[in-house]
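Next, two complexes with subunit A in common: one pairs it with subunit B, the other with subunit C.
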Partner chain A sequence: MSIERFNDNIRNAFGSLEQRINGAAGGALHALRRSALEAFTTQGVPTIRHEEWKYTNVLPLLASDLQQSPDSDLAAHDLAALGHMPDVDAWRLVVVNGMVRTDVSTLPEGDAAVTVQMITDDLLASHPRVAAAFGHITPASAHPFVAVNAALTQQGILVHVHGRLARPLHILCVGDARASDILHTPRVLILADTHAEATIIESHHTVGTFQALDVTVVEVLAEAGSHVRYFKLLHDANNASHIGSTAAVVARDARAVCATVVTGGRFVRNDLHVRLVEPGASGYLYGVSVLDGTSFADNHTVVDHVAPHCHSEELYKGVYDDKSVGVFNGKIFVREDAQKTTAYQSNHALLLSESAQINAKPQLEIWADDVKCSHGATTGQLNEDALFYLRARGLPEGDARKLLTHAFAAEVMDHLDDDAIRTHMVALIDEALA
Partner chain B sequence: MEQEQQILDDVVQGEYKYGFVSDIEQEMLPKGLSEDVVRFISAKKEEPDWMLEWRLKAFRQWQAMTEPTWANVNYPAVDFQDIIYWAAPKKRPELNSLDEVDPELLATFEKLGIPLEEQKLLAGVAVDAVLDSVSVKTTFQEALREKGIIFCPMSEAVREHPELVKKYLGSVVPQNDNFYAALNSAVFSDGSFVYVPKGVRCPMELSTYFRINARNTGQFERTLIIADEGSYVSYLEGCTAPQRDENQLHAAVVELVAHADAEIKYSTVQNWYPGDKEGKGGIYNFVTKRGICQGDRSKISWTQVETGSAITWKYPSVVLKGNDTVGEFYSVAVTNNMQQADTGTKMYHLGRNTRSRIVSKGISAGNSQNSYRGLVKVGRNAVNARNFSQCDSLLIGSTCGAHTFPYLEVGNQTATVEHEATTSKIGEDILFYCNQRGIGTEEAVALIVNGYVRDVIDQLPMEFAVEAKKLLVISLEGSVG
Partner chain C sequence: MQPILTIDNLRAGIEGREILKGVSLTVRPGEVHAIMGPNGSGKSTLASVLAGREDYEVLGGSVTFMQKDLLEMAPEERAGEGLFLAFQYPVEIPGVSTANFLKTSVNAVRKYRGQEPLEAAAFLALMREKMKLVEMDQSFLSRSLNEGFSGGEKKRNEVFQMAMLEPTLSVLDETDSGLDIDALRIVASGVNALRSPSNATVVITHYQRLLDYIVPDVVHVLVNGRIAMSGGKELALELEAKGYDWVKNTVPVEA
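Here is the complex of A and B:
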């Protein structure tokens, strides 16, 4: 039932989007949407019989009558309060229900290092790199919810970084669920030119008490020698669900650092896909989930070594309390030509309550021989010796546990080189652990 | 480089050394599977009605099932109507001594090196030799009978010990467990049945050698081992098969039941025909193996050395139901040429203080694909469950693949689950080190591979360890440079 209604909602939303854009329905952008709708129809809503969704049941999310509502009148001062990062001086790009709110966004002016613009038919026609990347780094055929996003994208946003970005760019994806259950589909393409350097923060927020599902797709193209740091913060209300897909294509000697912190929300599914396509490219993936209540978080990562001499490192940790459930799926592919690959992955989980659960599936698929790859996954408790050490020095057991749990989770962030952002992320983790 | 190529060529072009065909008169059914075939097999084996009903139930369930396709292997679809489901050496009058056995049959065993009459005392091995589908010779029956141990062909157990068979058959692997288990349940031809009574320690290793002999006959073995309270049994399974051009399907089912304080050790050396270097021919080995640690403090240990078969697809599993039970899985899987293996284990932790250990060593060479797929599941009530898994892959040559698919599902906070996996090739620095000290490349590789698989080989009973080492040498001799 709920699947059928969801399918109908997607089709109706597509129909009304088509009417709204009217004249542009014949353009290249809408052709992408149309093929994405077909891709969604072909794939359908995934069930737990689908290997990639084995531990992740989306059906409860579809129990709500999720509708797109592009016209939000959220007041500027309400938006200004969201996603505040005291130590991070960032430009803000605010997207409400999939539409950019220029009145509350603070974008750089006159700074040659970055341009932020809407993706239009004209842009696709005049900018072949954008046309080659948009909808192609993450094709709609690869993932049913990417298809949903691609079919319903109202405004694709292009963040084009030409040089070294002086401040981080913070993209806030806001869902306005004050009047009804909503579905919103923010979409971003980040183009980092040769030797460009950028720090991007993506965070998700929901206003109102109705159910909100945001299906976000972010594509990143890191050209030769560029350095892209991508931080994703999910600290949302418990009526908020998120299905996000981030994919990065990393070229020669470029470097992509992605960190994901999940500390709240009803349901989170993150797909992070890093493709190292030219020699010397490197990918660093970090993640921390701290969950309680009945929260659910699924981190699906893929590191795809296509070219030789590439390097990847991945570290994900999770702390699960109450009835929360965590999922980790980490794939490393090393293709035939990717000799001299080094790829490391580890995943550690701590269960704090009787009913918490973790399902992990680290996965190595290797077709080249001259490689060094490893993965490790553990689930366990705090080290008894460490606990004893702290207690012997006068710390009450509760405090000792807190300290060790903090150390367990926050350690992941030590790998980040941006002090302000690291401090902010550690604060988020501490807040969730408190 | 030239030397490396030479070594590689030697291995790649080396023919299967155990490929020979015994010409023994055989009786077989026409190809195809129907209810009549199931009835025929049952009648041929003079089975009671309940057994026939059991088979028919499985057959009906099988008909409603579809072939699974999730494994990381590729092969042309199996035509289940193109298989002969019954082939048996012609029945002869009861024999009193080995002299009356078909000499050709004895010669076959000779080539396989099965210790039968002459070697049985020396080797201390009781052999239930299975040629195609009917057990033709069982030794050591008397010594075992003294202890109350039942070790006989499954067909005999169905007739002689119906109460045990009825109680345990399908209790670990139900008829509808999976497609191939259902097929096996419907048409299983024979296999071994072992029952070790309370408190008995089986004095010798029990062993069955399987042979797939007749052209186009699928072999559907069914093995059931029951270790009653406080008993111990070690069971060896080993196989070689003659060279064939058409793919042969092997879908066996092995069930182990360990009661309180009992221990079952199950060891396999598998060396079926892997196909020629283009991957033509070769055995499909789609096996369901599962054991249950039913009683407290029981232990089940699987050890396997897999070097053969075109496709190996099996996951020996342990259900740790009792408290303080232990499950172990040690595996070496070697794939060469066009071989594909998707193998691993499943450990279900259900009881309190259950422990499991998984050591899997994959070696891929040639154009082969080698996958480890394992599940460690810790149930809600499995307090203090402990698991350690290690799966390493060694790659030899740039055209093979190694894959790891571990699933860890933990539902209890007191559980400790650790998994680690590595993939690498034999380091040039290590080879250089050996060369420098006067150890040739080929020898060095043997040394390294031997060390690499040692954790597993050490688990095998001595006689088997020797054979396993030989097999590894045959499979991999000098294939790295």
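Here is the complex of A and C:
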């Protein structure tokens, strides 16, 4: 059975990792891995009987013999061609099959605003904030694939932002699937100090034609007054599947702006959790999915208002053609102490074909009594009145449909304040709609 | 001179209900026609059928526009041929800026007419010139089309588009509804500035008020899907004074 083989593969991969790291197997880091493996064994592979995976069947992914493959020899010039952003001048951190490739990464040198380093036993011992955050913002108990990531990650990456980052940092998670079906588990901790400001871009790329599953975990700690922009771009190949989990803890008066664009790949599951833990914190969650063929994308979001006087806004849109399927699950929790919360959520889907599907579930749980919360969800086709209006102004029907579809999806990006990244994301959307 | 528009015994309806029951009308170059009538008389149906809205069904008769069969054409072809409908309820389109929309529209119509697309600079100059006609502010151009516009702003935007597209025939569908007197004056003076000996305007309205500013050559009164009465501009004043019941009572209505 595919589940049993997957379980075996995870255990075997853990064993190989243990051998690779040899002497470090007794350290704090490996203790985290070991407990994560237990957490995975306890939880097991989720099936559609689990509420959080009701519309998201991972079993077809496990039909492949997914193996970790840390020794990739992908050539530098092949890697340089990936994830090119003509409008965005970013530093590049390239991670291939879960291992950092310093030879092709262009990291800031001598920039006091940021340090990028591997998370080691020494670092955990000397840096209490890292120790408190790593594996704790998103614990292995969060869901089974988070546990897989935590058990199998050899190199966790710390991005520590001390000040105002001059350029965006682009983290490319690359899967080398040229020789066999692969599983890779990139892992990043972003620590934004008080009043720090950073733009992080995460993108996923698969090279080769074998099946690739990447299970990525990103933890973000946004300290007081900081401003973190986090953009996630998924426009991968048809043999690429992605299960990603990003969680941000947002402190006093800090702001986290997250935008997720899915325009390709076989299977995508994104979990995005934003926890507003001190007064004045705000979270902005934006998402656009443009799918066709038999692609699948599931966006699971949680906005957790823990403290009073916090603000959140969420807008997700999807355009689904052919037999593509989308899932949106948006939870908002307003805890008992979180008075004066303002929380807004909306999600809208455009179905361009009869066989396309969207499963949308907004879920608000409010325990405080002095709050302003709203949510709205729509599913439908293009507005016939708008279509007629454009045709009456001379646009041929096909052009009018394209313009309206573009406007529907691209409008989400109007909420972003970074022109270069907005331009890039709109270009990705347009490419997917063309 | 050939008429711009000839409507001959047009019958049309929606969802199996006949609303226009034989409308005939001829509009010549340089003319302004007003079509007045009570609610439900078929005024907006006539506008929709002329512009080519697909949910309306043509049941009989013909419409000839510039010697061509209008009813055979798709809405975008009608626009290309020079027909313009100013909507009673202009549609809000989030995510499409007014400037981008206008450029797409103008160039689509130019393409239909076999003309080269306008270059950016020429287009900008044209927009600046035409905006003045309806006293529109530059800031409208970057805003999403009609989104969050007031009623008056939407109607001014319609006349602005009309100015950009330079139609042969403009049909204004209740352009006066919901406008205060200042907005009405701006809209009307825009429409008047666009009048020429070679184009024509059909003004559809419920109230005589607009016709103080856009003075018609011919006034038609539409009642129960037919033109019950036609006359000069003084007919509008008489209607205002006596009410639509006067027409209904004057004209025999079929059982």
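Following the convention adopted for this analysis, the second predicted complex is superposed on the first by the 434 of 434 C-alpha atoms of A that agree within 3 Å, B and C clash if a C-alpha of one lies under 4 Å from a C-alpha of the other, contacts with A are read in each partner's own complex, and residues count from 1 in each chain.
Just so it is clear, contacts are C-beta pairs under 8 Å (C-beta built on N, C-alpha and C of every residue); 3 or more make two chains touch, one makes a residue touch a chain.
Because the structure is a prediction, the values reported are computed rather than measured.
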item: Combined model on subunit A: subunit C and subunit B, fit or clash; value: fit
item: Subunit B versus subunit C as contact partner of A:His406, first or second or both or neither; value: second
item: Subunit B versus subunit C as contact partner of A:Ala24, first or second or both or neither; value: neither
item: Partner chain in contact with A:Glu397 - subunit B first, subunit C second, else both or neither; value: second
item: Partner chain(s) touched by A:Asp385 [first = subunit B, second = subunit C, both, neither]; value: second
item: Once both complexes are placed on the shared chain, angle at subunit A toward subunit B and subunit C, C-alpha, multiple of 10 degrees; value: 70
item: Which superposed partner A:Gly376 touches (first subunit B, second subunit C, both, neither); value: first
item: Per-residue contact with subunit A, leading partner among subunit C and subunit B; value: B
item: Contacts of A:Gln357 with subunit B and subunit C, given as first, second, both or neither; value: first
item: Which of subunit B and subunit C A:Ala80 touches, first, second, both or neither; value: neither
item: Shortest span in Å between Cα atoms of subunit B and of subunit C, once chain A is used as the common reference; value: 15
item: Footprint overlap on subunit A, where subunit B in one structure and subunit C in the other make contact; value: none
item: List of subunit C residues in touch with subunit A within their complex; value: 51-55, 74-76, 78-80, 85, 87, 90-91, 93-96, 101, 104-106, 108-109, 112, 144, 161, 165
item: Complex contact set, residues of subunit A against subunit B; value: 51, 55, 336, 339, 349, 351-354, 356-381
item: Residue ranges of subunit A in contact with subunit C within the complex; value: 383-386, 388-397, 399-400, 403-404, 406-411, 414
item: Subunit A-facing residues of subunit B, complex; value: 70, 378, 380, 393, 395-425
